[in-house]
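Chain lettering (A, B, C and D) follows the sequence in which the chains are written, and residue indices restart at 1 in each chain.
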Amino acid sequence: MIVVMKKSATEKQAEEVIKQLGEYGFSAHVSAGAEQTVIGAIGVRPDFDIRKIKIMDGVGDVFKVTEPFKLASRSFRKENTLIKVKDVTFGGNEVIAISGPCAIENEEQVFAIAEIVSSAGVRVLRGGAFKPRSSPYAFQGLGEEGLKLIRAAADRYDLVVVTEVLESAQVDLVNTYTDIFQVGARNMQNFPLLKELGKFKKPVLLKRGFSATIEELLMSAEYILASGNPDVILCERGIRTFETYTRNTFDLSAIPVVQGRSHLPIIADPSHAVGLRQLVPAMARAAAASGADGIMLEVHHEPKKALSDGPQALLPGQFRELMEQLRSIVSVLGRRLA
Amino acid sequence: MIVVMKKSATEKQAEEVIKQLGEYGFSAHVSAGAEQTVIGAIGVRPDFDIRKIKIMDGVGDVFKVTEPFKLASRSFRKENTLIKVKDVTFGGNEVIAISGPCAIENEEQVFAIAEIVSSAGVRVLRGGAFKPRSSPYAFQGLGEEGLKLIRAAADRYDLVVVTEVLESAQVDLVNTYTDIFQVGARNMQNFPLLKELGKFKKPVLLKRGFSATIEELLMSAEYILASGNPDVILCERGIRTFETYTRNTFDLSAIPVVQGRSHLPIIADPSHAVGLRQLVPAMARAAAASGADGIMLEVHHEPKKALSDGPQALLPGQFRELMEQLRSIVSVLGRRLA
Amino acid sequence: MIVVMKKSATEKQAEEVIKQLGEYGFSAHVSAGAEQTVIGAIGVRPDFDIRKIKIMDGVGDVFKVTEPFKLASRSFRKENTLIKVKDVTFGGNEVIAISGPCAIENEEQVFAIAEIVSSAGVRVLRGGAFKPRSSPYAFQGLGEEGLKLIRAAADRYDLVVVTEVLESAQVDLVNTYTDIFQVGARNMQNFPLLKELGKFKKPVLLKRGFSATIEELLMSAEYILASGNPDVILCERGIRTFETYTRNTFDLSAIPVVQGRSHLPIIADPSHAVGLRQLVPAMARAAAASGADGIMLEVHHEPKKALSDGPQALLPGQFRELMEQLRSIVSVLGRRLA
Amino acid sequence: MIVVMKKSATEKQAEEVIKQLGEYGFSAHVSAGAEQTVIGAIGVRPDFDIRKIKIMDGVGDVFKVTEPFKLASRSFRKENTLIKVKDVTFGGNEVIAISGPCAIENEEQVFAIAEIVSSAGVRVLRGGAFKPRSSPYAFQGLGEEGLKLIRAAADRYDLVVVTEVLESAQVDLVNTYTDIFQVGARNMQNFPLLKELGKFKKPVLLKRGFSATIEELLMSAEYILASGNPDVILCERGIRTFETYTRNTFDLSAIPVVQGRSHLPIIADPSHAVGLRQLVPAMARAAAASGADGIMLEVHHEPKKALSDGPQALLPGQFRELMEQLRSIVSVLGRRLA
């Protein structure tokens, strides 16, 4: 931690700061410049609230020197974490496609979509059985019945399942059916859920909250890692901004930023970011070109009848065409779509 | 729902839209203007996803006519909802002060602060036993031990208790000790938790998520109301913006906006909004002047030693002086601080 | 400037940084901690682009120590700057009310409103002759004719005039008629205009851009100060956020923040911030309670017929009632409304 | 315009609204639903301020039906506008690369970079002679001397010049040297400048303001079109959000959105969006994959010595490698990089 005293600060104020730092367990290292005194506080306390010093008299500014996350950082682990689920590996040379409906609606639907997805070469099936909806009057998902259906469809087509879990009390149930747990954007800071998932040996797909900074996303990953589960796949899915034409603003720069700061794989979900089918292909291609480790795409055989997010689901033909484009784009980067 | 066709839309496209609206259960009412066709879709489906129509060929724009919430709206109930907890009433002429520490730390602390708070005329004591912290390495709260301490301190000084509950699995436990449940900003869209709280006959203090619109806040209140609990107290506590000098941006216009659109009481929490003690008094006064039904203030007898958010806690003397100012300001509006 | 090396940085990388700092004119002061090397760069270059160091190999983070503005800062000048225009003084104990129409429309209108404003005790008349409108098809203002009208109305009622200037080419013309130049939010970073205004000895009312940080507002003030004009009045008028119910989000915390960091007076404009008449009184009261040095209020005798921003203009009766409330609120803070 | 009355609105209130609409020149078309009365206001007034109706008693909500821009819209002109400058055409099948330094610094620099740019196959040279800098103490550009240098360098290598103009008073001077005028993000709503540029027969590259919506960008283009100049090239360069890791958030979804709503070409500027060299290649590739009609890239032969934005300038080798990747990516979309 670096403490910059105000130009107008008195010597006594600087001494107070140094004394206080000592009480908090830091040793102080003072350098008096021509204009200002700067105090380096040495000691490792990643959770220290720097505002405790910021409010002291004479203090101009305080900066944190250590990153607030550790296990998730590139400094802690230099090589990419590879996360293997059956024959799929996240974080390596392959770019992983994940597809399926927003919500599991009935047997016919999930099998029809699993067939479309599988025949396009996708190996991971998504679909929600527990849906977090803004309105209490909207379809809330099939619950366990939905979990059974997605498991059965995935088994038929030899696919990996990823499905959402909404709270810690649901983890055991979802664990029975899924291969990868998904934590949705609204739950990125549901800390009891993150701690619970840390106890399992099963990968967690952690979506960025729509108003979370990249650092907060990595802090939430740290919760899972610190609880014992090393397999976290991050996901950029759009952030909330003043622009209202799209559902959210797809922050693709998160892809190279996270790859620089962390060893964990990061994928992108253009469907939720933009929210309108006609914008999804352009953004999916952009995600592939940005270097994402995977692309999540919603697809529906009859989107008009979809019970959730139909308007952002790709039509089967559109989906197949897009998959071909993505294949070509990732090959420009020397990678393979899988 | 109003569907505005593009100027370039064909008659056939308009017919498609009308047909589709019929399939979704709406009756259509067409008015062909000089420039554009406008279709009124009549029927009450508050959860209908308007993007389903927005993506159809020839459609320019779609607007929702009915508010997505019902029980929470001023149209549904014209008079203010009065929420009575012991001798305190939210939503009436009194402006309710709520004070206490951020987190309950130990017996000595919670009793000392309860004494300060009570002697300043405050009748509601706040304090967290379960703390949602961004870092897994930060103090996570005392748990049930903390609940016992705040109950005991409140009983000693005859105060009402409000304390946070983080997930549905904790509701029964927290219910044993608290008078008002608090749902924090990060859990505003924890829908299983909201549904669970809807089953109780105990008021819920629902904080606005830091990236939630006012409409989403009211939708989350709707979850609780629709589940059977009519007593929801809303709380503005700052939203996330590009400005980084303050922790969040205190959106005080939410106070008059909510009072126009809903019958539920709304209070303000300047401590979390600005995050630095020296800014709290100015913002607390502003909240009072804006017409808030209550003001929540963090106070600590030894903020330097606070385990959570010490830098935003008021010092006892500052707190007493501020209470006097608030008393004078609300009296300008013909209200009484209680 | 403080440079924090990555934990993984090599000694050679640290040496490269030190060498480069030397080339940029800084002397380096190294402290090697247990975990990381921290380099203090000593030297005063307020405009130095810290990204030049941030992109070097082995660098983790870089922090600026000196504030980027100087003349505008509280460190440079401890006492409040008092800006006197005729018998009105900004920045002292008086809270200055500024009122009038959004745009000057015709003689009858500006005189009628000047009469309303003056009889309510206001001494500064606002009104735009050059209007920056999003649409090229909207009313663009009366131009010089408008300047003549507002000057005449102000003279009749013995009021101070504040009116907007859009570009440097207009400054001489506007100077002929106004007492205070207004720079609108959209021009906060129109640097040629700021430099031109720096050459005059007449106060400038500088509005915060709707996406400008507080620091950027102070940097724009610095342009005027550095060009020779010491009399800058700052104005908070709402920032752009994701919330769409109000026109902008009124960031009242800017008031105490600016008062801490700068010696310049800062006023608030609730009319533009919220954009709807019924929300203005609550926000004007909040601004007064927050400690603003002035309040700008749009008022119109016939807002239905207003050519610009009628919906946010107060009606005369509403305005007079609000003035009384503001008077009482500022007196709680020991100030006087003038 | 569609006016939705509140459920609680009286008949008399609806009549008032209808009468008022008549006074504003609209004819009203009423449809009384089961729950609410909806009034269609027919008449074409693209600049009408809908808040005038929104504030009336009994009004719930008001929606604009006509787009606020006309000449810029796809409805007005179905085919893409092709903008030809010498042998370069924007808006057609070719994706145009634009490169050069941030600022023109001296003869040696601009010629060296022009050589690098030209030999990589780029045909448009960028570089600023008038620089809008946040700090008054930062390098403000060489002025006319810079314009002469970029013109000379471009002529030597047979390149098209694009350079920024800061205010209407500068337009004639810049016109002498440039082939395309650039309007920077901070000036997107400098309306006098836009009107002045509308009088010329020379293309204008209009950058999106960092807090402007896509609709406002199109409104600003409308100013230029309505003033007589049909050749506007739009540019996405990042918007301001809460995320601070990158300089701005690159809103790539603006590319397909604008292409759907307007016939004008739109390019992307990843250098300013992300602000750090190491992130530029990923975002440039993403922009190409999203379907942008051009990519603007800052490049510098000695970025360490650059007087402005050096940290975001690509190194020559990096630049050449990136150009090859972009070439392959646009070919996946059947386009050609030029």
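To be clear about the criterion, contacts are C-beta pairs under 8 Å (C-beta built on N, C-alpha and C of every residue); 3 or more make two chains touch, one makes a residue touch a chain.
Predicted model, so just to flag it, every value in this text is computed and none were measured.
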{"item": "Most distant chain from chain D, judged by the mean position of its C-alpha atoms", "value": "B"}
{"item": "Rounded Å distance between chain A and chain D, as computed from the means of their C-alpha atoms", "value": "31"}
{"item": "Between chain B and chain D, centroid-to-centroid distance (C-alpha), Å", "value": "38"}
{"item": "CA centroid of chain A to CA centroid of chain B, Å", "value": "26"}
{"item": "Residue numbers of chain D (touch at least two other chains)", "value": "211, 240-242, 244, 278"}
{"item": "Chain-level touch network, classified as line, ring, star, complete or other", "value": "complete"}
{"item": "Complex contact set, residues of chain A against chain D", "value": "211, 213-215, 239, 241-246, 249-257, 260, 273-274, 278-279, 282-283, 285-291, 325, 328-329, 332-333"}
{"item": "Chain C residues within the chain D interface of the complex", "value": "20, 23, 46-47, 49, 51-52, 54-55, 68-69, 132-140, 166-170, 186-187, 189-193, 195, 209-211, 216, 219, 222-223, 226-227, 240, 275-278, 304, 308-312"}
{"item": "Of all residues in chain C, those that touch chain A in their complex", "value": "2, 4, 6-8, 29, 31, 33-36, 38, 40, 42, 44, 60-61, 63, 65-67, 74-75, 78, 240-242, 244"}
